[in-house]
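Can you keep this structure in mind? I'll have questions shortly.
Chain naming follows the written order as A, B and C, and within any one chain the residues start at number 1.
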Amino acid sequence: MNWLIAILQSALFIILAPLLAGWLKYCKCRLQNRKAPSLLQPYQDLLKLSNKQPVVSEQASWLFITAPYLIFSATALAASVVPLIVVDLPTSASADVIVMVGFFAFARFFLTLAGLDIGTAFGGMGSSREMTISSLAEPAMLMAIFTLTMTASTTNLSGAIAHVLDEGLVLRPSFVFALFALVLVAIAETGRIPVDNPTTHLELTMIHEAMILEYSGRYLALIEWASQLKLMLYGVLIANIFFPWGIAETFALKDLGYGLLAILGKLALLAIFLAIAETLVAKMRLFRVQEYLSFAYLLGLIGMLSHIILEASR
Amino acid sequence: MNIGQTDFYTQAILSLAALVGLTSFLMLGQSRLLRLIFVFALQGFLLTLTTSLAAYSLGNPHLYISAALTLLLKVIFIPWMLRREVLQMNIHRDIQTLKNKTMIMLGGASLMVFSYYVLHPIVQNTAPVMLNALAVSLSVVLLGMLLMISHRQAVAHVVGFMSIENGLFFAAIVATKGMPMVVELGIAFDVLVAAVLFGIFFLHIRSSIDSLDVDLLNRLNEIEK
Amino acid sequence: MIAAYFVLLIPFAGIIFFAIADSRSDMGRINVYFNAVCLLATLWLAVNVVNHGTILSANKAYIVDPFNVYLIVLTAFVGLTTSIFSAPYMAHENEIGKLTAGRLKLYYTMYQGFMLAMYLVLTTNNLGIMWVAMEGATLATVLLVSLYRTPESIEAAWKYFILCGVGIAQALFGTILLYYAAMQIGDGSNALLWSVLYENATKLNPEILEIAFVFMLIGYGTKIGLVPLHNWLPDAHSEGPTPMSAVLSGLLLNDALYAVVRNKMLVDGTTHSNIAGYLMMGFGLLSFLVGALFLHRQKDIKRLFSYSSIEHMGMMTFAFGIGGSLATYAALLHMTVHSLTKSAIFVTVGHAAQIAGTQRIEKIRGLIRTQPQVGWGLLIGTLAIAGFPPFGVFTSEFLVLLATMHSYPWLAPLVLLGIGIAFAGLFRHIQPIVYGEKPEGQLPVKANLWPVIIHLGLVLWLGLSIPGFLAHWFSQATVLISGSTPL
């Protein structure tokens, strides 16, 4: 029974990801006074792409073709360890923050390899940029995450969420900083404005798009889906760690229903904030990104310091 | 004492203290004047929040007056005045390159550690919350001084000066639940007069050296040129 | 107590009067009247205190005891004589076109504002108000330093404003810490009143008070002009109008020192160690020696004497730091004679600069041939400030030296050395100014030298014999500060 719920939760995660992307697009369009596409548009895109005949370059090796499957499955595995609507699942034993970061790193590794594999200038450029950014983003992310895990005294996500739930509403300076740091990192990692623009193919600015420029058909569909999944993962992470209220603690059907409603509401809200931010802020120059990420790191560091200095027992 | 065991007021004060400290750091690394002024206004706003919170939770109505004064002076009047000055001088597009930005930031961090060190003897007698609040406010004072040293624009100096006042005010609110009313009114009056005088000075400096770059004020020196 | 209110109300009326009245030619004279009436009020106050001891106002907002009442009288006196000097001086500046009538009005308004701030610092019982008034004194004088609107004066005023503002912020932090310590033993409403704190000094937390005192010493020390926080002082003195230099040197520095000593009394009562004293001795001695050395390389006559002020303030801080009745007595006496002598010197320096048309030392020559009164005034003033017998400065410096030999004999050579260096530094500049060749076409100016004669006469009198009532007065103050009778 428990395993069934765990599998269902993962499936739900994967299925809902394109919906979140659609909702985000809808919000952005409305904010920019444009007519929005249907909320289900991302599903239709994925369907259409997967029915198409993929075109693969002659220079491509087996790596190029395997990479999308690896990327998607790594991201899907990461999704399976993050509590979505209920804590204390059997998967929670491996629901470790570091495992999750590891899955992300794995997926990114193959994505950059695939970008290099084909030998075009854009692919290489995108890979190099992606690596630059992620090498700066990862420490900042870990810093923020460690602040949380130090409070909860565990690196287990499920345990951390349960800890925050048990404690009730406690205003912690360290959480405020960690939240800001994690939001900044999430924006950089998922390739949103102001770090990367997911809708552009302008050669000088693109990062993520440059790497997947050569993909088509079902391969492209898988990669797109994986990146939508990643966006949702970060959203769930932020929503459930900092504002875990509403998440189900038992497997009763009523609780699970409330948990689902709660996470949908939280994600919808987060997407609105993201849409507003993306509408207001301009994309920054690539060379400013390191400044942005070092600020995120600074925030994470201050969060950890304020945990040690301001909150620790004496 | 773990933070989970303290009351909500203390938690909120600590969070605000951390944010006030953060705004000081943000100001230190800021190279655009308008953004600097914005962060300064933000700090004033956090201060207003702190004061209102203290007034509410301690049931001390005179702190509401201080909060209103802070809002008027530090969030509205002074930022407005500085902003107008910057726009008039047309220096809002200038990016001021900070020499050794890393060194300045590291210096700021060590000043923060230093404040903890200086105030550590206090901890034996009082709640750790007080030490934190006092140390954060002392570091805001010291960071304000560092801001004045590292920036060259007169506007940045004024921001530094006023953020020093902010730090002191924060200490007064948090550690001692506000000073006696007369003293607070006196301090607010001094700040107001200082702000007006700064306005007059901008006028004078501008007419004498045609810039607000304080580095150009270098005629008086012990070494004869 | 009514007298104290009068002391505060008169300059307040002065501010209002000068602010709303039209500019007129006799503003200088009216300024003299205001200060004269104020001096009378302070004398009335002093008689009250000498007869009845410490006065505390009904709501405990003001305190007048033997320590501050003598400073109040001194402030009023120097304020009056400087205003007598400033009337023709400022009129002259107006005639030669250095100042407009509007700025003259600003000058007189701020003069009264400065006096008000000074009286408030001295009379208030509330340490918070003391800070507010101290900052107020900066704000009142900052526009006076830049009165001539030359680039140099604006720079000096900016420096003065920023350094003193930032410095004095430290003093406020110290005051907040003190308040914090006081809150732990009693209720909040009275916790900043000096008299209340002084009674309960033994109950205060010594650690917090030590930290608080360090901050206050740095804060008010910036105002005193202690090295290394003194940078603003020579600039502000040299670029502002001369009467301003006289009151800054003669009054503002004294009052800042007063604030430090008031706080030291609290800290001493709490800590039972001489930590505050050691700090003051260190800073004082450093300022004394550095000030004396810097005298040698000055090119501007007003900068020269402002370094002399740094040196003397250092000596007073040092003497207060030694503690004990003898040193305290010496410091009090030195405060008085230094104020009187230094303001007299600035008066003559102002005239000398007007005669030569410049403040550059190498351009001012042959004063004694151009205008003998000014030349003699400057010479005698310099003799007095350098510590020649029979002037009062000699007496006080001798007492400081005596106290040093008594308590810290190994510091005595340093003090002697400093006095010697300062003496040489002053005379190598002053000798050619007074006796040198008179340049062509140098003409005397209209000068009122009565303030100089009165001040130097008083200093001479204090050097020859301290009158009985004054000695009694000083003894009372000494008992208050150090806890034992002198001599």
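By definition in this document, contacts are C-beta pairs under 8 Å (C-beta built on N, C-alpha and C of every residue); 3 or more make two chains touch, one makes a residue touch a chain.
Not measured: the values here are computed from a predicted model.
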- Graph of touching chains, which shape: line, ring, star, complete, other? line
- Message: Based on mean C-alpha positions, I'd like to know which chain lies farthest from chain A.
- Response: C
- Closest chain to the centre of mass proxy, which here is the mean CA position: B
- Task: Tell me, please, which two chains come out on top when C-beta pairs in contact are counted per chain pair.
- Result: B-C
- Task: Calculate how many whole Å lie between the centre of chain A and the centre of chain C, each centre taken as the average of the chain's C-alpha atoms.
- Result: 67
- Task: Mind checking the centre-to-centre distance between chain A and chain B? Centres are C-alpha means, answer in whole Å.
- Result: 37
- Query: If you average the Cα atoms of chain B and of chain C to get two centres, how far apart are those centres in Å?
  - Reply: 31
- Task: Could you tell me which residues belong to chain B and also touch two or more other chains?
- Result: none
- Note on the structure: chain C partner, complex, touching residues on chain B are 118-119, 121-122, 124-126, 130, 134, 137-138, 141, 144-145, 148, 154, 157, 161, 164-165, 167-168, 171-172, 175-177, 179-180, 182-183, 186-187, 189-190, 193-194, 197, 200-201, 204-205, 208-209, 214, 217-220, 222, 224
- Where on chain B does chain A make contact in their complex? 1-4, 8, 11-12, 14-15, 17-19, 21-22, 25, 116, 123, 128, 132
- Query: Which positions of chain C touch chain B when the two form their complex?
  - Reply: 126, 128-129, 131-133, 135-136, 139, 142-143, 146, 149-152, 154-159, 161-162, 165-166, 169-170, 172-173, 176-177, 179-180, 183-184, 188-189, 192, 205, 207-208, 210-211, 235, 238-239, 294, 297, 299
- Complex contact set, residues of chain A against chain B: 167, 169-174, 176-177, 298-299, 302, 306, 309-314
